[in-house]
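The same chain A turns up in both complexes below, where it pairs with chain B and then with chain C.
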Partner chain A sequence: MLEYLTFGLITQLFVNGILFGTMYGIAAIGLSLIFGTMRIIFLAQGAMIVFFAYISYWLFTLLGVDPYLSLIFVVPLSLLLGSGFYSSLFKEAAALEDKNISLLIAIGLMFLVENLMTVVWTANPRSILTTYSSFVFRPIGIIIPFTRLIALLMAVLSASGVLLFLKKTLIGMAVRAASEDMESATLMGINPHWVNVVAFSIGIGLAGIAGVGLATIYSFDPMYGFIFAIKALIALAFGGMGNVFGALLGGIILGLLESWASFFIGAGWADAVSYAVFLIMLMLKPEGLFVRSVQTA
Partner chain B sequence: MGNHLLEVKGVDVLYGDVQVIWDVSIHVEEGTIVALVGANGAGKTTLLKTISGIIHAKRGEILFSGKSLTRLKPQEVVDIGISHVPEGRRLFSNLTVLENLKLGAYPSRARPLFAESLERAFSLFPVLKARKGQKAGSLSGGERQMLAIARAIMAHPDILMLDEPSLGLSPIFVKTIFELIYALNKQKVTILLVEQNIHQALKIAYQAYVLKTGKIAISGGGDELLADPEVQKAYIGERWSKR
Partner chain C sequence: MRERRSIIISALVTIAFAGVPFFLNVDTSYFAYYLFLSFCHIVIAQGWNFVAGYTGQISLCQNAFFGLGAYTTALIWLHDVTKTGYYFDPVVMVLSGLVPVILAVIIGIPLLSRLRGDYFALGTLGVQFIIQVLFLKGGAFTRGADGLHLPSTVFESMKPYYWTGLFLALFATAVVYFLIKSRAGLALRAIREDEISAAAHGIHVLKYKIFAFAVGAFLAGICGSLYAWYLFHINPDSVLNLNWLFYPILICVLGGNGTITGPIIGAFFITALFSLGTVYMAQTHPILSGALIIFVMKFMPTGLVGLKDRILSRG
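Moving on, here comes the complex of A and B:
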């Protein structure tokens, strides 16, 4: 059996996986940053991604703005919303020992955004159809949709941008330091609210980029985000909490898993397989695939 | 009385409902080394945390150059010139040695002096220069303690608070660390030292306080306490008899 499994097909599955996975990856990077400094899983990340997809959709249908051009508006808006959300909703709770309160606020925010979107845009799926939506590249016989390729590019660029920021700037170092040991970071003169704002803004900023990518690829509805947040969480678990590069790789691994599972087992199985692998992963290597071991110092 | 650089006046500290510091007053003169000694759980670490703003006193006042810092947050305390090397070093182990030092100079008072501070840190701790690209987590225990102290002096502190700097180090490194503390003090850094290594601490201290279950039990000059039969019996003698 499996004689239909040609080199072209394997490559295609591989490419599909990577194209899917990078979207999970940038959502996971956002989760990773927010988790790093605030120690909560920001479950509203998926709803925020869909929200920005709708913004891009609105700009396209109402004003005729090309979705990629809408990034000029969506990215600053998402950064602003990120810092606004932190200062208004999370600032008080972030200082508390009990992180469950921040988590509950995130869940509340998720429901609020989802339901507001249902009111404004209805529960019907929406999608953006541009002249290039069905355009595909066919290098060496495999199919690469143009919008997916651009989404991949956006994901890789934004992930590299975030990594550079974290590695090269002083505030980026402060974010990394705070992710490791917040109390020790404050002894260095680092203001916890400031690193939280930065992590939050970048996290939501990445949701903005993912939202635009999503809007050009899939049809989406207000409740779509939750699945996305769960997928990002799985990617995060693969990569290891608080590991930015790992989060991107985790997303890609998840994308590959889904691509292979839906082909070899059946499309309906893709989610079941990824959740199962997620659970097995948590049982066997809870610290993530790319973390050598839990370091204490 | 000379001018106190740091003054803790009648401080009470509680963890929840449990009081761990009772009406403690200490003062630190500029340019001196002050030792805070006592058994485990006596409240030494808590007192340092209270000074650096990690915890806040229920009652009492903490003055630095006459200004109150009782209500300041840790990031504000370090910015006015008090650096705290916490117990257990608390390095950022996934960051490199150089990155740790850069963050040490994060307070606005220290940023313009970064190049100069880095040179000072590297001349005091040459081993850190050799390891500057290495992750802090990969250093040995002694090197970690050096990095923790170097990181703290990157902030250009007027007072350096050290919590158990000799803990877990080999005897040779303990000696090195105490020599370094002495050398730093000669460079006009005032030192507030918490130690379980009481004998060593009292030897270099100008002034010392013995904390016992959250209260000041005895205080006096370092030599004075070293010769005090009560201190010898209760703390130093006990340590010696264990060996």
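Moving on, here comes the complex of A and C:
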């Protein structure tokens, strides 16, 4: 097997891993924001991503809207849905000490969305095929599909956008303060509901972007979301909770792990390898790989 | 006095349930199947209740223990290990409970000593996925996605299933009840309330947590064993399914987590909901179930048992 191992192949695996991983990365940033302020593990994130992929799919097949153009519609919709979900479902639960309740509401939401999608769009896998779907770049013999490159670009741009928002704006700073210590932030006059709404909307907004990215790259079905959410959680654990670029890098590391494991050990084992690395990671460095200041619990 | 009354009530309820097969044709009635499924759910839910409700450790690998129990039963039977009768054999059932206990101790020592709260939940979720992949890729031993086929010719009637299910439900409830009343139960509840304070009072936190985790695994394992005898065809899709992870959680939280009657009420309620849903609204019922979970969690976060208390305290 090792004689096939050329420089080109290794680079190809590397590139595949990065392109794969950015999708997990954006989902993980959304989860990180929601977990940061509300301490909710939002398991429905994956289902939401698939939902927006379907919206993009519908816009494409029914109205002929280009999937990348559909972002103009999907992103506002997802921001709106995010704030709607928070104020209708998680507002009371986020304030409770018992986090099981919000976790279960998220699971309920996941059931609801997944099965709604199964009824509306059936369980058959769908994908968007545009004129540029098969378009491929070949720099130095490596195959880079155009759609994946755009997805990478979207991921990096949205991560930078979120980071700038958190660093430069007043609301962003409030969100960061609330993720460090909600109680002190509240004492400083920050309205917890306002912060939570913002975090939740951005979280779901990122799901919207990831959904469009997903729709152009893979075929997807309603039940695909749960695995995606789990992968995003692993990426989050790699990057460290509440660290935006860490989450993106965590996603990329997970992508690399999967791409290498599925090549060298076999596709079915790739998942087991990534979960095992995730477990070892949790044991040895639960604060994540890219964290600067360590909070002691 | 109060205790004696509740013991009498539970004895009467058990006798009433045990008498059902004399009045109802268990083999054809869907209602009997519903009761059997509810009993299974009670067993696995009491296990989760003990770990999460009383000890406060959210374990997300109950389906791995359940599947391991089912696979143990099937493997012992197919490889002719214990040389006893394999169909409804208590030895096999106990062994099927003990194998998940071994796994629980092996993964419990590193996970429980290093991880707390959400991280422990995520870690157990990871373990559960690894077990799924291992069984799926187990080669000739587990026969992959197709799974193991047991000789189904031994099947005669649903009656033994019904009574065994009832017995296990009673057993699980009694185990949880008496453990909670014992010194160990006191230690477990102390750990749930405040781990540091519990440790300061001389409780060996790790030991008790692993004990609770192992009890949960044992109950899931024997439930898996019974279910394996019912299915006769064990594959990762049927016994390592994520439903076996989510249903116990739903049942406990809906019924009232950390109470002894909560999982029982929750199991009957959830099983009825899902069974009726499958019969009358084949495709749309998971949507309603999802909506109901959200509804219950939003308006009565203490569960159905808590609802009773709330009504009583108001009136």
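Throughout what follows, the second predicted complex is superposed on the first by the 292 of 297 C-alpha atoms of A that agree within 3 Å, B and C clash if a C-alpha of one lies under 4 Å from a C-alpha of the other, contacts with A are read in each partner's own complex, and residues count from 1 in each chain.
Definition applied: contacts are C-beta pairs under 8 Å (C-beta built on N, C-alpha and C of every residue); 3 or more make two chains touch, one makes a residue touch a chain.
Here the structure is a predicted model, which is why all the values come from computation and not from measurement.
J.: On the superposed three-chain arrangement, identify whether chain B or chain C touches more chain A residues.
T.: When the residues of chain A touched by each partner are counted, C comes out ahead.
J.: Would you check which partner chain A:I230 touches, where first means chain B only, second means chain C only, and both and neither mean what they say?
T.: Touch partner of A:I230: chain C, not chain B.
J.: If you stack the two complexes on chain A, which partner ends up touching A:V119: first (chain B), second (chain C), both, or neither?
T.: second
J.: In the overlaid three-chain picture, which partner chain does A:G189 touch, first (chain B) or second (chain C), both, or neither?
T.: first
J.: After superposition on the shared chain, which partner residues are touched by A:D66: those of chain B (first), chain C (second), both, or neither?
T.: In the superposition, A:D66 touches no partner, neither chain B nor chain C.
J.: I'd like to know which partner A:E287 touches here: chain B for first, chain C for second, both or neither.
T.: neither
J.: Across the two complexes, what residues of chain A are contacted by chain B and by chain C?
T.: 297
J.: Applying the document's contact rule, which stretches of chain C touch chain A when the two form their complex?
T.: Listed in rising order, the residues of chain C that touch chain A are 52, 58, 110-111, 114-116, 118-119, 121-123, 125-127, 129-130, 133-134, 136-137, 242, 246, 249-250, 253, 257, 283-284, 286-287, 289-294, 297-298, 301.
J.: Write out the stretch or stretches of chain B touching chain A in their complex.
T.: 52, 54, 73-75, 78-79, 83-84, 86, 88-95, 99, 102-104, 106-108, 110, 136-137, 144, 151, 155
J.: Tell me, which parts of chain A touch chain B in their complex?
T.: Touch list, chain A to chain B: 170, 173-174, 176-177, 180-181, 183-192, 295-297.
J.: Using the touch rule from the top, collect the residues of chain A that touch chain C in their complex.
T.: On the chain A side, the touching residues are 39, 41, 89, 92-93, 96, 98-101, 104-105, 107-116, 118-119, 226, 230, 233-234, 237, 266, 268-269, 271-272, 275-276, 278-279, 282-283, 286, 297.
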